[in-house]
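Chain naming follows the written order as A, B and C, and within any one chain the residues start at number 1.
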Amino acid sequence: MLLPQTHNHAQPNFLNTADLKQEEISALIDLALDIKQGKVKKSLAGKTLATLFFNPSVRTRVSFATAMFKLGGQAIEISSNNVWSFEYQDDVVMDGSTIEHVKEVAPVLSRYCDGLAIRCSELVTKSAQSASSGSWEESKQDIVLNSFAKYATVPVINMESNVYHPCQGLGDALTMKEHFGETRGKKYVHTWAYHPKALPMATTNSQMLAACDLGMDVVIAHPQGWELDPEILAVAQKRAIQSGGSFAISNDQDEAIEGADIVCAKSWGALPYYGNWEAEKEARSNLQHWIVNEEKMARTRDGKFMHCLPVRRNVEVTQGVLDSTSSIVIDEAENRMWAQMALLATLLA
Amino acid sequence: MLLPQTHNHAQPNFLNTADLKQEEISALIDLALDIKQGKVKKSLAGKTLATLFFNPSVRTRVSFATAMFKLGGQAIEISSNNVWSFEYQDDVVMDGSTIEHVKEVAPVLSRYCDGLAIRCSELVTKSAQSASSGSWEESKQDIVLNSFAKYATVPVINMESNVYHPCQGLGDALTMKEHFGETRGKKYVHTWAYHPKALPMATTNSQMLAACDLGMDVVIAHPQGWELDPEILAVAQKRAIQSGGSFAISNDQDEAIEGADIVCAKSWGALPYYGNWEAEKEARSNLQHWIVNEEKMARTRDGKFMHCLPVRRNVEVTQGVLDSTSSIVIDEAENRMWAQMALLATLLA
Amino acid sequence: MLLPQTHNHAQPNFLNTADLKQEEISALIDLALDIKQGKVKKSLAGKTLATLFFNPSVRTRVSFATAMFKLGGQAIEISSNNVWSFEYQDDVVMDGSTIEHVKEVAPVLSRYCDGLAIRCSELVTKSAQSASSGSWEESKQDIVLNSFAKYATVPVINMESNVYHPCQGLGDALTMKEHFGETRGKKYVHTWAYHPKALPMATTNSQMLAACDLGMDVVIAHPQGWELDPEILAVAQKRAIQSGGSFAISNDQDEAIEGADIVCAKSWGALPYYGNWEAEKEARSNLQHWIVNEEKMARTRDGKFMHCLPVRRNVEVTQGVLDSTSSIVIDEAENRMWAQMALLATLLA
């Protein structure tokens, strides 16, 4: 069902929702709803998924492990302390610190397992530093993820790369479809939030795309200087229009939130400072008012609050909002599992 | 079957055997015996247990993994290197080192898994230091375990906290029931043992309670200064009497062991020195004669030797005793698995 | 089917292929071929294998996990960060850094699991240093592996010790049997390769034995000073003759490779420098021409290239060879899984 990606082999992957047709995404969400409601039983009996974590994870790890197990399969975790220091460059004389090339490890794992899932966000890992110089243009190439996708002979799933976190996007889409039924005409506000650390923008990119694919009226709110990648914005806008929605950007959080049906908060590091995080931190220091609180939620149209978690209470959002009935963050986290079950059942069947 | 604990939600937990009625404990032991003898097949097909290890473990980890697997389910391990630095305090502005609040992580894991099992002994972990100042009064609150129990929406199992190790207690009860059939009238001696390190007293508290609930004639032997927590002693004594047994404390190991049917050895750190372990070590240095050896076992009534393991050979007990037929430490360790199968089958069914 | 090893208990182990009769090895290979071709379904439903990794691993870990899962069982990993510091010496007063004796941990794990698999290569681990002084004579005793085999009460599998890596040998034998059908009369060249680090010789010992047991014409090529252990060479030669093959040693890589059907490359540290690796490194520094390249492969009889992986591209072998159709390293890695399935189905049934 998922179409082959633009790689020199035939198997389908799940690297980024924007690689999929919107009807493919809808089909995945409908399948996830059916699985969650127990309407369909899909089986991956005897199938295994190798989950490679270059970065630690709780939510993604447990939700993939349970997703595979509920389908009759098994996730086999390879975490950073197991992961060798892999080589990704061509034509290298490997007499240094990297001890195995992705050209070997990807096909070998493909012989053992029915799928590979990769988490590699270079901003937060060291294991993969060798793969990137640290500039955004470099990071944007997602060398680790795309190298595995290139050399694997089984489907590859992106569990969060430098640029995208499509499983989060799929889970959020499921959550909003489940909550609203019809998502067209609903106002979705994705707002930057203050955070003590500079975080990757992969999750924001995928959450934004999910809302666009649902044909919602999407508003991205962030301080000046925290603009997202223009290429990714262009794709998001295009898909929003195609889906019958709209797309806008605002630098005024209060104004943006006005009349929102969904307020989704996420922090990310400013691109102009990419790799120069001390300077970014200083620029960020006077933005602590970018927090979602009860006053701001009062401006919404009985809006719901979403966040990918983990969340810093009373920093990104007040506990008053998190502990209120308007927060659906726990449902949102649960739906990661159901969305991934639909994805795995489709991709590994 | 297990009754709800005193928490603001309905699901039953297994935090401490003293929270259970004695008939509930008997029912668990009888079920464990039936499962071990293959008389009953319980099924947890498709169910998962998240096992959170803030401290490393071999025995507990493998016995829970096999227990779940033998029942058709799966244990999903989250070990300290995966565990985020969680926040347990209310009303905190989370701009420091803790990156996720138990108010989020406990309900989220409850959506993925059918039960949560927690090992957090602050005396031996750093991951959870933030949860306690290090005083016994603080540690006794078992903030990590009780926070998960409070915010989880599925059963929570104590895999060893600061205060109790009820799965060890249950396994020991199964071992003694299996060995003696009728445990009333049998003399159970729980003796402190010398050890190069100050150890938690959680295991001793639960082993002592297990013997009391079996109506045995319980004697606790330890040097002066190594008294157990008075509140816990009071509960143990009460339950011993209720069960038709007796309860006594001795500072003379030889005398205590006289005529024993069971000699169970365990070391623990002295409460008066809690948090001040250098001083405790010095006070402990002249207590190396608190070792169970062949001479002392000769004073028993063909008594059996028990220990929770891991054990320091020729420090806590001589190899002569461990390698003799009077040692039942391997059966005791095996019974952890069968007891936990009964517990899981009851709690997660 | 596998016969009991020379231990004081009855269960069969898989510590080294040379402990097996050659018909036992043939039977394992035939079973592996049948399982791979789906001709036979063996079941280990409900059975568990404890896999203890004193050294990190990707290939071995994933191939054992999938092997157990495909057979209906489960592998339970205990990696170095979980593994306690175990004691292996007798009659020790355990008041130091080791906290549990193999005399307890091996029988306890035997009660929980249906088999134990051990990886412990002291050259690359610290966890097990206490088990050896670091001399080859010491290391050759494989104290960790043999202690587990001695005290376990279930089958023990060697996942790579100081001396042997028999699962690699079995996988290689399967690969060559699959490729050639009849292996007698085929020339097998096992050549030392340059590597920036001194590596263990366990894999070479087992790969060499595999070719000998297949009755191939075996040539071992290495620089002077890199001689293998004479006792192990004697066993290999004996088994080669018994199987209708031949056995020779050469210090000239080009000459050795002449007319080869298989060229298998592997690096190892020189025995004369064992434990004195700085000196070994210096002696190795002028051996960088010991690399398998296209010119050398051109001397073969349409020979195939094998390597256990991980491989250093353009150091041990050129990428030209690895990326050519003469390389069968990925098939070789895959066959680890099928060979281990045959082994597990036989040993744990």
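The rule we apply is simple: a contact is a pair of C-beta atoms (placed from the backbone, for glycine too) under 8 Å apart; a residue touches a chain by one contact, two chains touch by 3 or more.
Note that the structure is predicted; figures quoted are calculated from it, not measured.
Rotation angle, chain A onto chain B, C-alpha superposition: 120 degrees, expressed as a multiple of 5.
Residues touching across the chain A and chain C pair largely diverge in numbering: under half of the numbers involved belong to both copies. Rounded to a whole number, the gap between the C-alpha centres of chain A and chain C is 40 angstrom.
Counting only residues that touch two or more partner chains, chain A has 81.
Of all residues in chain B, only 56-59, 61-63, 65-66, 69-70, 79, 81, 196, 309-315, 319, 322-323, 329-330, 333-334, 337 touch chain C in the complex they form. Chain B makes touch with chain A in their complex at residues 46, 48, 50, 74, 76, 78, 81-84, 87, 91-96, 99-101, 103-105, 107-109, 111-113.
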